[in-house]
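What follows is chain A paired twice: with chain B in the first complex and chain C in the second.
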Partner chain A sequence: MPDFDKLRALAKETISRDDIKYLIGWRQGTYGYRTSPHFVRIPEDADQLIFSPLCSSNLATYLALAEKRPVPRGSQPDTRKVAILVKGCDSRAVVQQLVEQGIKREAVYVIGCPCEGVVDLRKLEEKYPHTLDRVGARWENGNVSLDLPSGNAVFPREEIVAGKCLTCRYPNPVIADVTLGENVEVSGSTAFEDINRFEVKSAQERWTFWRDKFNSCIRCYACRNVCPMCYCAECILDKQNPAWIQRSVNISENTAFQLARAFHLAGRCIECGECERVCPVEIPLSYLNRKLVKEVTEQFAFTPGVDPEAKPLLVGYRPNDKGDFIL
Partner chain B sequence: MSENFEPNVVAFLCNWCSYAGADLAGTSRIEYPSNLNVIRVMCSGRVNPMFVVNALQQGADGVLVSGCHPGDCHYMEGNFLARRRVALMRELLNFVGVDERRFNMSWVSASEGAKWRDVVKGVVDNLHEVGAFTEFPRKKIDW
Partner chain C sequence: MKLNKDKLADFLAAIPGKTIFGPQLCGETLKFTAITKAGDLCLTANNTNVPPKSVVFPQTETMLRFEQWATDIKTAEPAGEIVLFGIKPCDARAMLIVDNVFSWGVEDPYYLTRRTNSTLVGLACLDPCVNCFCTSMGGGPTSTDGLDLLLTDLGNSYLLEVLTGKGEVLCQAAGKLLCEASGADKDAAKLLQEKAAVQIRRQIDPSGVQARLPALWESPVWEKISASCLGCGICTYLCPTCHCFDMQDETEGVESRRCRTWDSCMFSEYTLHASGHNPRPTRRERTRNRINHKFSYFVDKFKVIACVGCGRCINHCPVNIDILDILSKVGEDVL
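Entry: the complex of A and B
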């Protein structure tokens, strides 16, 4: 198993502070390659923390979704901070939530973990299906090393990390109170080659592609639930009056749902790829998101989740915004 | 496409400019296609892009959002905000394979009755070319 002493020592030190409520990190999951979110409330719990290429989940989701219980009469509200371990992409989610005032800066303590890319479990599952024994993993000189039951295996990064990591432009946390380890080299680019390749297809081809994908959607809303940006107390997907999206599972409602979900992330999506990871029917949701990221970058030269002082994209405007489509 | 297909267009007109412009076209006896179903909104910034998706679901073949010229908005910046949203929603619809000519936006002021006619003609002519919306209309259940 890789060495997590530094991480655990830092976590222990953090959770022992008086102004920290709890710490959110990762721990080894129940079986196989799985990792679970881990909520550390007492220093002893910090012994289970890990940070490895298998820690793909974005913990920023838990910041804004934390239950806000009413404060009992006569007692003071708990103003202690929540400490959170973030990878580069997760840190952008934290920043975007700060921009949108979903959370307050003084309410979070960000521990940055520079990340060389997380493993795509689907790729791993293909190579080693049905692995039940717990598997550890670590980064080694640009490769990913896995401690499988059959012995150690080393894969080149390109072969095994998630697609979002291959184009990642922010592997290092953009916001951090304390950083764990050294910053890693940035290799991603802003080229949207996959999107451009898809765009040149005919409208008919594009619709056929998406119709098949949307048809398979079972409307479990896992993509919304896992998304760190989807934290509205009232969501149009849940509203019955007006019912913008009806509950029936058919191509019309599925498409409306997918368009609504994608559009609500316009200028907000920080490309953590969680929606795609959790989708049980493997809809390429990051394609839709990346299309909007591309438009936002090219039309408005805007990158969400980088500057905590920025204004959200759609609440502002420039008089010279592109308007060549206007009749 | 059948010969006598007539597109069904939902038009969201802002109260202060475009609605008055369309009204002027009417009082000036300017003839324009009658395919529009006009919905008056207080500002083009009121138009949620979900309105557009919903209109398409409910049987519209095209949507037109029309507001005041930049700088003329009654609420100072509503049409600028609408422009960003419409730009992104158009791109998204186009990306999933819905012809972008189905979703139009225009600036028409209260004195532009003639421009209103040209805009509507252009939209309807385009939609004659594009044809009926078949991608994801809501199926009516015939009990």
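Entry: the complex of A and C
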């Protein structure tokens, strides 16, 4: 894990370059365990940057989220690069956006941050309720160390990191113009034990499970908006005519929404787990996403967001695909 | 008056002909739903994830139904009598604030019937969350604004404070289930209530905000605040005072319904004109509107801030956009 001085020095150097528009990183949040995305526009802004096990936001989302305002007459569009700090999973989102031509390589300057796993705040809050005092955190010899108001607390990594980090196979950025700190050991497995356990349940059991979850959905669309791969200029959910998904919040429309979202991410989801993290009603969306990741892995031996030269899965054809799902 | 906790089930059963809504855990979500037994109530937790506005202003409401080739229109059944049991003082205050909108100019029969038919049984908030700031917004953890009855948890019993005729009706129905509260009970409740008020650490003085906002219209502060905004609907959907809605005709086969659903000013579609023009084209304008609406426009129109300090928007924002942080920036920003 890089120290903050190194990170801030690199950020200052980067933002001082003529070809960089702004830099996106993380800063300490306004209270407790929270961190916040941080936009560095002038060198002084870099003094607030941090990188710690609490930096869960996938900043790659902002590459596509930034609105393009009309360029005033007589001036040229700003074509400078956006510099972005990425963890391993975040870097896969950058690669997948490149593959899909959502962004151009020359438009982004990637600063890689090898990551040993980010804290799942829900797990942490079960152990220690949220506090108003700001809390710092570090990785230390495979553990996560937190400076709580009551004193320092050390948790074994497995106990406190997000579920996605336990299965993570890409803790080191797969694309980077510059890397901060040393690469970390890869410990995630390629097996899908969580999905396998779920799949053996009966159809009735699985539907009861999802019916209850989808029933609580309030359609705030945070899962869509936070997703670095959900960057369509026009989303099926917003269409009025025809209204593919009606505005009524009920089990039928909620299910249609959730399944449409999951299917649109088939072969594209890079497992950053942001959708699940932000859901205010705690729908375990990673089950849906990982089911499709499993299908894509088994049927097509394809892993999205690792090779910038790859073709998107669903626009390619390979004669050696298994194809045993074709009726 | 005092109610022993072991009599709670009987107290609820004694309420005549009203549907009782209370905080219940649905999956991982705490929200107000109709309860069938007292055991389902979750009265010890903090604020519900989804505010109780979802009962009087449902997220989806069918206003009328009609069929293709038919000329008759079926309007919605009028709402029955309800009790909101265990509502927090902040959420009750929020209802008073929202009442202004639904009775402004045109009386909204759907909302107002439900409000008239509802009895609010409050539960004093003795263990506020870290982000509660109700005391800065004119409320407090034991505020009685909008409530008909206030309960204070004394451990083995609830102290009851009757505030209106509606509250009186419930107590009369309960009859012998209630017993007289002693002076010691009242002192204990007072102590707990004072302790709760002190526990609220987040404070802000909102008095200057309304005056400052118009001059900040073009301030770079909005660009800064909104840079990390995802444009999702969490802050508005979970806000007890946000009340915007959309109306749509939805068709399935030959059957159609006119629905009203929650809408959010944080969505790009919210202000999109039929021409394709969007007067709030980016997250900057939408964030600016959200703050201006709560702390300026609403105050102009109804003389009350459209925020009760429940802290939900802070607790649930995925990127830590913090309304108190925004308000302090608005206060600091050089005009």
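We adopt the following convention: the second predicted complex is superposed on the first by the 315 of 327 C-alpha atoms of A that agree within 3 Å, B and C clash if a C-alpha of one lies under 4 Å from a C-alpha of the other, contacts with A are read in each partner's own complex, and residues count from 1 in each chain.
One rule holds for everything that comes next: a residue touches a chain if its C-beta (ideal position, glycine included) is under 8 Å from a C-beta of that chain, and two chains touch if they have at least 3 such contacts.
Quantities reported herein were computed from a predicted structural model and do not represent experimental measurements.
In the superposition on chain A, A:278 makes contact with chain C only, not with chain B.
Look at A:250: by the touch rule set out above, it reaches both chain B and chain C. Of the two partner chains, chain B is the only one touched by A:299; chain C is not.
Contact with chain C, but none with chain B, is seen for A:57 once the two complexes are overlaid on the shared chain. By the touch criterion defined above, A:319 reaches chain B but does not reach chain C.
In the superposition on chain A, A:31 makes contact with chain C only, while chain B stays out of contact range. Once the two complexes are laid over each other on the shared chain, residue contacts for A:289 go to neither chain B nor chain C.
Touch criterion met: A:204 reaches chain B, while chain C stays clear of it. In the superposition on chain A, the residues of chain A touched by chain B in one structure and by chain C in the other are 246, 250.
Residues of chain A touching chain B in their complex: 198-199, 203-211, 236, 244, 246, 250-253, 255-256, 258-260, 262-263, 266-267, 288, 291-292, 295-296, 299-300, 313-315, 317-319, 321-323, 325-327.
On the side of chain B, the complex with chain A involves touching residues 49-50, 53-54, 57, 70-71, 77, 80-81, 83-100, 104-107, 119, 122-123, 135-139. Residue ranges on chain A touching chain C, taken from their complex, read 29-32, 34-39, 57, 61-62, 65, 67, 69, 129-132, 212-213, 215-216, 218-222, 224-226, 238, 240, 243, 246-250, 274, 277-278, 280-282.
Put simply, chain C touches chain A in their complex at residues 26-29, 31, 49-50, 59-60, 129-131, 201-202, 224, 227-228, 230-234, 237-238, 246, 248, 250, 259, 261-262, 264, 267-269, 281-283, 314-316, 318-322, 324-325.
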